[in-house]
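Take a look at the structures below.
Each of the two complexes below includes subunit A, the first together with subunit B, the second together with subunit C.
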Partner chain A sequence: MTGPVSRRGLLGLAGAGAALAGAGAAAGYGVAREPVAAADDGVVAFRGVRQAGIVTPAQDRMHFVALDLTATDRGAVRDLLRRWTAAAERMTAGQDTADDGALPGNVYAVPADTGEAIGLAASRLTLTFGVGPSFLQKLGLADRRPAPLADLPAFQGDRLDPARTGGDLCLQACADDPQVAVHAVRNLVRAGFGVTEVRWSQLGFGRTSSTSTGQATARNLFGFKDGTNNLKAEEPDLLDQHVWVGDEGPEWLRGGSYLVARRIRMHIEPWDRSNLDEQQRIVGRTKGVGAPLSGSNEFDLADYAATDAAGPVIPDDAHIRLASAQANAGARILRRGYNFVDGSDGDGHLDAGLFFVAFVRDPQRGFVPIQRSLAKSDAMSEYLEHNGSAVFAVPPGLSGPDDYWGAALLA
Partner chain B sequence: MSLAPRHAAVLVPLAAAATVLSGCVSTAPSAAGPDGPITVNATDSACEVSTTTAPAGTVTFQVTNDGSQVTEFYLYGTGDRIMGEVENIGAGLTRDLVVEVPDGGAYTTACKPGMSGDGIRAPFTVTGSAERSTDTNAELAAATAGYLRYVTSQSEALTARTTDFANAVKAGDVEQAKALYPQARTYYERIEPIAESFGDLDPKLDGREDDERDPGVAWTGWHRLEKDLWVDGLQPDSARTADTLVADTKDLQGRIPALTLTPAELANGAKGLLDEVATGKITGEEDRYSHTDLWDFQANVEGSQAAVSALRPVLDQKNPQLGPVLDQRFEAVTTMLQDYRTADGYRLYTELTPDDTKKMSASVDALAEPVSQVAGVVTS
Partner chain C sequence: MTGPVSRRGLLGLAGAGAALAGAGAAAGYGVAREPVAAADDGVVAFRGVRQAGIVTPAQDRMHFVALDLTATDRGAVRDLLRRWTAAAERMTAGQDTADDGALPGNVYAVPADTGEAIGLAASRLTLTFGVGPSFLQKLGLADRRPAPLADLPAFQGDRLDPARTGGDLCLQACADDPQVAVHAVRNLVRAGFGVTEVRWSQLGFGRTSSTSTGQATARNLFGFKDGTNNLKAEEPDLLDQHVWVGDEGPEWLRGGSYLVARRIRMHIEPWDRSNLDEQQRIVGRTKGVGAPLSGSNEFDLADYAATDAAGPVIPDDAHIRLASAQANAGARILRRGYNFVDGSDGDGHLDAGLFFVAFVRDPQRGFVPIQRSLAKSDAMSEYLEHNGSAVFAVPPGLSGPDDYWGAALLA
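And then the complex of A and B:
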């Protein structure tokens, strides 16, 4: 091999792809205010106003990892974040983590890149970085912690497993090819040994939300379309209002967001034994087209006032009613969750559910009221168990070529 | 599902991808000999090697599994010392074995369909003698010589302490034997990669009850006696097993003067010892009856550090940044283990909590990454 192994370079399409992407972005999105589109070669821009992986059209697969610091020396952490940024940028461009990383010239050298992505396209890989409240605490930066960056309150029915909860840092890898996402996390985790250790991680195999109007609404493991009313990349004003941190936030976070993660186990087997009518009344939508029970098409606005002889058409304890902006003082969130099946539990039931990820401008105002109302009254709760939870602040995108993850925070 | 990007990838130059993938195993230009690789056609019943002789130096075998079972391919030196191996070759797959054979002489090739038994063997002759990479640099020569002295001293102590242990077993003094067991093993665990390089010795000395053995071959070694002492009580053949253990450690000791090591082997041994910790000790697998795993843990780390220390002058010359990181990480592991010391050794594995093993795992990961860099640096 000569020169760096470029997975994308193997395609010989890079130039053409980039040109096409430019045209597509112009035609599809008008002014490309948010860098959302992927080039035809599957490369999503790594640097930009926002971090990729938030309003980027949701990819098919996810590997999410929460890490803890094992070193609290700011210099060591800074060094790691620089190395992570460089490796992440290369991987999102479809390359290995370093020049000759996967295949070093010296056969006795350990490959710097683990190699399982050789020959795979960039696959719209995005890597999104965030820090938890404990990150600031451990590094003596508590004075830079914005108030919303705090552990979530306990919700009714929570059964949180400490081993799946919290974390000093998070990395969200999303891609259309699961091996590309896993490769990215694996290599970043490896680069972190000595400074970070994995606290927990989660694989997601199917997106449950659309983050762009160009995407069809996917289904969750209850078999229902999920995230029909999600905020979308094409709604910049709503994103400013509900997703991006504004002047209220500290400088290092302005233009960024907060990521709320919840591992929601679904009790699949009992759900499968509930009749269609019960399922639809629990959700508040039809299972087929996903229309609100008050309407007939997926995107019909739900009419929560509608009644029939039996009472409200959309029951008072229906999931969509309790989660709606109307019921939560206008609060909205950008959902970006994934289905998961982590094999089965010891009782022979699927360990399956929804790895819920949402991006919000303020978790305390955006997420907490919604979850509180769901935890208290949602008819679906009977089939759900929240067993993991975390909140991270997600800084804005990287500005120039020398910028790196966390630079402004650690400056 | 958006399949577009994946289609693009699949359509890409399969040929290019295939080149890269096969490169994964063989890679560097130096790996291919002037006459190209020696091909090995492995089936469920045959092991056809395209030639039975090769000049000393780097020898590349291209092994194709045309059988139905998963196979392995080995090159053995004298005394079944494993010169190189490529494992887990699925049906229909081709993998390369690149092996450094600096000395001429008689060797043995073996395919192992089903990955068990002695395999289908054939003699293989290496002619001439290649310049050893050890000789090209006086410091590297000093490094390997220094490490061999360490191995020699450890093997001497191993024989002595193993003899004490065996005597206690033979005297029926279970308490004394239990006390000596982890102490004697320390000397073995420090140099375990050396014992493992003699492929026939490690199974005899360190085999587990559930390992596959040829019919008629008894389970011997440390762990057999460990089970007698901690679980079953001494058996009619315990004394004989103790004698066999001593004989096998003497066999190991006797082979060491003839041992030669390359810097790469030395560095890989340092890394291998930490792999042992990760897979055998932090899991409690190794000493499953006595639960004295932390003794072995400490010994593996010490052995790893000894190998790295021997290479240190070369390391400092070629990559001055790596040494200090290694110092710090070795120290962190050693300090961490101090917390588990007791008056007469270490806490038992069964007394550890999940938090303890997680902490151990993180510190070994932190150490093993820089240790894994050593081989590349000293051979660059």
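And then the complex of A and C:
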């Protein structure tokens, strides 16, 4: 397979779909390879040891959707997950959801693909699947629930909107083209009709997390580089320690991870009225290059013991100090957040912020302590409002051509 | 000026900002040139005969904001428009809103720029300014209101949400990088504090209008190419006829245009259950190449008289027939629409659709007849819900280095 992949609709070559599916599959499953980089054709391998979309270098855009089950028949859910897997694999390869899906030869057929991605490249699309605590509950699988797969505790200052919180399962679509991500989510949502319905969804742009050392750190809507110290794809030992579920987890989740999502509204108006010094002391980094206040380059190790005449160089309530591994019994996260602006709030302001997504080995140990510490003492909290929250277990990658999302859990 | 333009924050070169501002200005004002194409550095000229962002080849993303006046003192408004113009010109050149705006040398200063675009290129940012009927009313300028600057009449089926409708003025930011568009709107909104506040705002992706013959027609969320027949930058005579306000307009608006915005929710779920033939007959075009049903290529002229055994080849209630110039006394529009997905609707569906923006010489003659015809008979109406609407007068471009948005109107 050479050259950029186009949708079958424009390719117009009989059999091309099948050929691509074959190539995509051969590149991925059963091989001890993590889908770190996309091939030159913009296709990120769908099958592999891990699900794509975790350590994959963060794409430019995200469309995240949380769904609820409207059916609790395990057979129906299994059937949907099989169909989702097949469609997801095709879409990540830059194809329609089915052969001739967007443009069926028989014009009296309902198209199997909605068509808005005809002619668009694969755009490094990844689709990542997870299940929430309520998924297992509703399907009578509570005995398979690992302890860390539980709703997060309430944090100080949380103002969670039930319409943006929880969900039986989630699909995370990341791509360099938002229309490709939206197309993928929309077609999977559509395929779920009768079994699932949308609970909430979130679009993000301007990735604020680099998941690979090859990426520059992007800026959040406070204007600061964000997530400098978080884990990267190139740190496999640390990922094993902090991100991938090990032998402590149930078999269906071993090698997978947990996804923690938080919709964080940022009160940009008061932030914009604070001076540069105040902003930098709240973050603990310089706004320009993003260096810790104790250093001069972005990746300098923060020296939390450093003091000057005024006290600690990195203040006690600085965000990076409270979020640091040192302050949280060594806890570290892989972060995949995106900025959002969701119109206005009806009160004269933009509804803007950060859609925070982290992958951790155990949310209770890896995320809760950090968030508890931030919620309690972070000087930044004054400017933040957490109004959405969810946690999902993200199974490992698909192990062979017949494997499908959730197969091991539902077996 | 060579090479891509970076934000001053990263350039770190004293005087670079001023040099860039000079270059940007020299390229644009007073010259009888329309800002059709961006220079290689991704900078679209800000000054010129027309405002940029109308016939400029449609960028990939849009952030549109409608604002209301919170002050009605003409002097305060004039001062804001001067400040907006200066900041807008800088941002379209890939700079901070002010010299050292994001990173003031004095850390105890409040940054004049919010910083999230540090290091990002100009990204073909355009900022387009308009005023609504209520702007003139509130400022005691009702005698300067041209008749076409009036709220649109109610159309059959409209379900307008007041929180997405109207506005005293508007700013349209288009860019190839959404963070650049968001940064621009956010900084202008911020500068307006005390004089304006956000009424509503809308983000769009996946431009569904090509404003230039050099662009391929993009697809809307029904999966169809959209806007094939609309006017293009390369048709100056037709633009004079249908888009630019001529001698019939007041002096402050001559050479400008009117912007009509409609937020059109698309009910994608029932659409997705219709078969390909039905979809094509509703649109009047094929879904693949986008040819009129009477032809075989996208740009074939539609033959509305063509019949076959079943009747008109392009049905009487087909969208393209009812929207056509032939059906609307020759009315044609310049279209600059974007797809949107704004999360979910709380009812298990995605809140998705088209943010329709058109530029016309006279909304009452150029838009109302088309929309009335569509609202009444368009087979597509069953799948659409217009829930936001606004009309703005868009003055001509800035004529010299001291000119600013709205100067001629407020003089």
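One rule holds in what follows: the second predicted complex is superposed on the first by the 379 of 411 C-alpha atoms of A that agree within 3 Å, B and C clash if a C-alpha of one lies under 4 Å from a C-alpha of the other, contacts with A are read in each partner's own complex, and residues count from 1 in each chain.
Methods note: a residue touches a chain if its C-beta (ideal position, glycine included) is under 8 Å from a C-beta of that chain, and two chains touch if they have at least 3 such contacts.
The structure displayed is predicted, hence computed values, not measured ones.
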### Task
Determine, for the superposed arrangement built on subunit A, whether subunit B and subunit C clash or fit.
clash
### Task
Once the structures are superposed on A, label A:Tyr108 by its partner contacts, choosing first (subunit B), second (subunit C), both or neither.
both
### Query
When the two structures are overlaid on chain A, which partner does A:Arg124 contact: first (subunit B), second (subunit C), both, or neither?
first
### Message
Quick one: is A:Gly346 in contact with subunit B, with subunit C, with both, or with neither? Answer first, second, both or neither.
### Response
second
### Task
Report the partner of subunit A that touches more of its residues: subunit B or subunit C.
C
### Task
Determine, under the contact definition given at the top, whether A:Asp176 touches first (subunit B), second (subunit C), both, or neither.
first
#### Entry: Which superposed partner A:Asp277 touches (first subunit B, second subunit C, both, neither)
second
### Message
For A:Gly194, using the defined touch cut-off, is the partner it touches subunit B, subunit C, both, or neither? Pick first, second, both or neither.
### Response
first
### Message
I'd like to know which partner A:Asp41 touches here: subunit B for first, subunit C for second, both or neither.
### Response
first
### Query
Which of these subunit B stretches, 5-13, 41-49 or 257-265, gets into subunit C when the structures are overlaid?
41-49
### Query
Can you list the residues of subunit A that meet both subunit B and subunit C?
10, 70, 102-104, 106-110, 115, 118-119, 177, 190, 193, 197
### Query
Within the complex, which stretch of subunit C touches subunit A?
9-10, 61, 63, 65, 70, 102-104, 106-111, 113-119, 163, 177-179, 182, 185-186, 189-190, 193, 197-203, 205-206, 216, 219-224, 268-269, 272-277, 279-280, 287-288, 339, 341-344, 346, 348-350, 352
### Task
Give every residue of subunit A touching subunit B within the complex, in rising order.
1, 5, 10-13, 38, 40-42, 57, 59-60, 70, 102-110, 115, 118-124, 176-177, 190, 193-195, 197
### Summary
Counting only contacts in the complex, subunit B reaches subunit A at residues 1-6, 8-9, 12-13, 16-17, 20-21, 23-24, 27-31, 98, 264, 267, 325, 329, 358, 361-363, 365-370, 372-373, 375-380
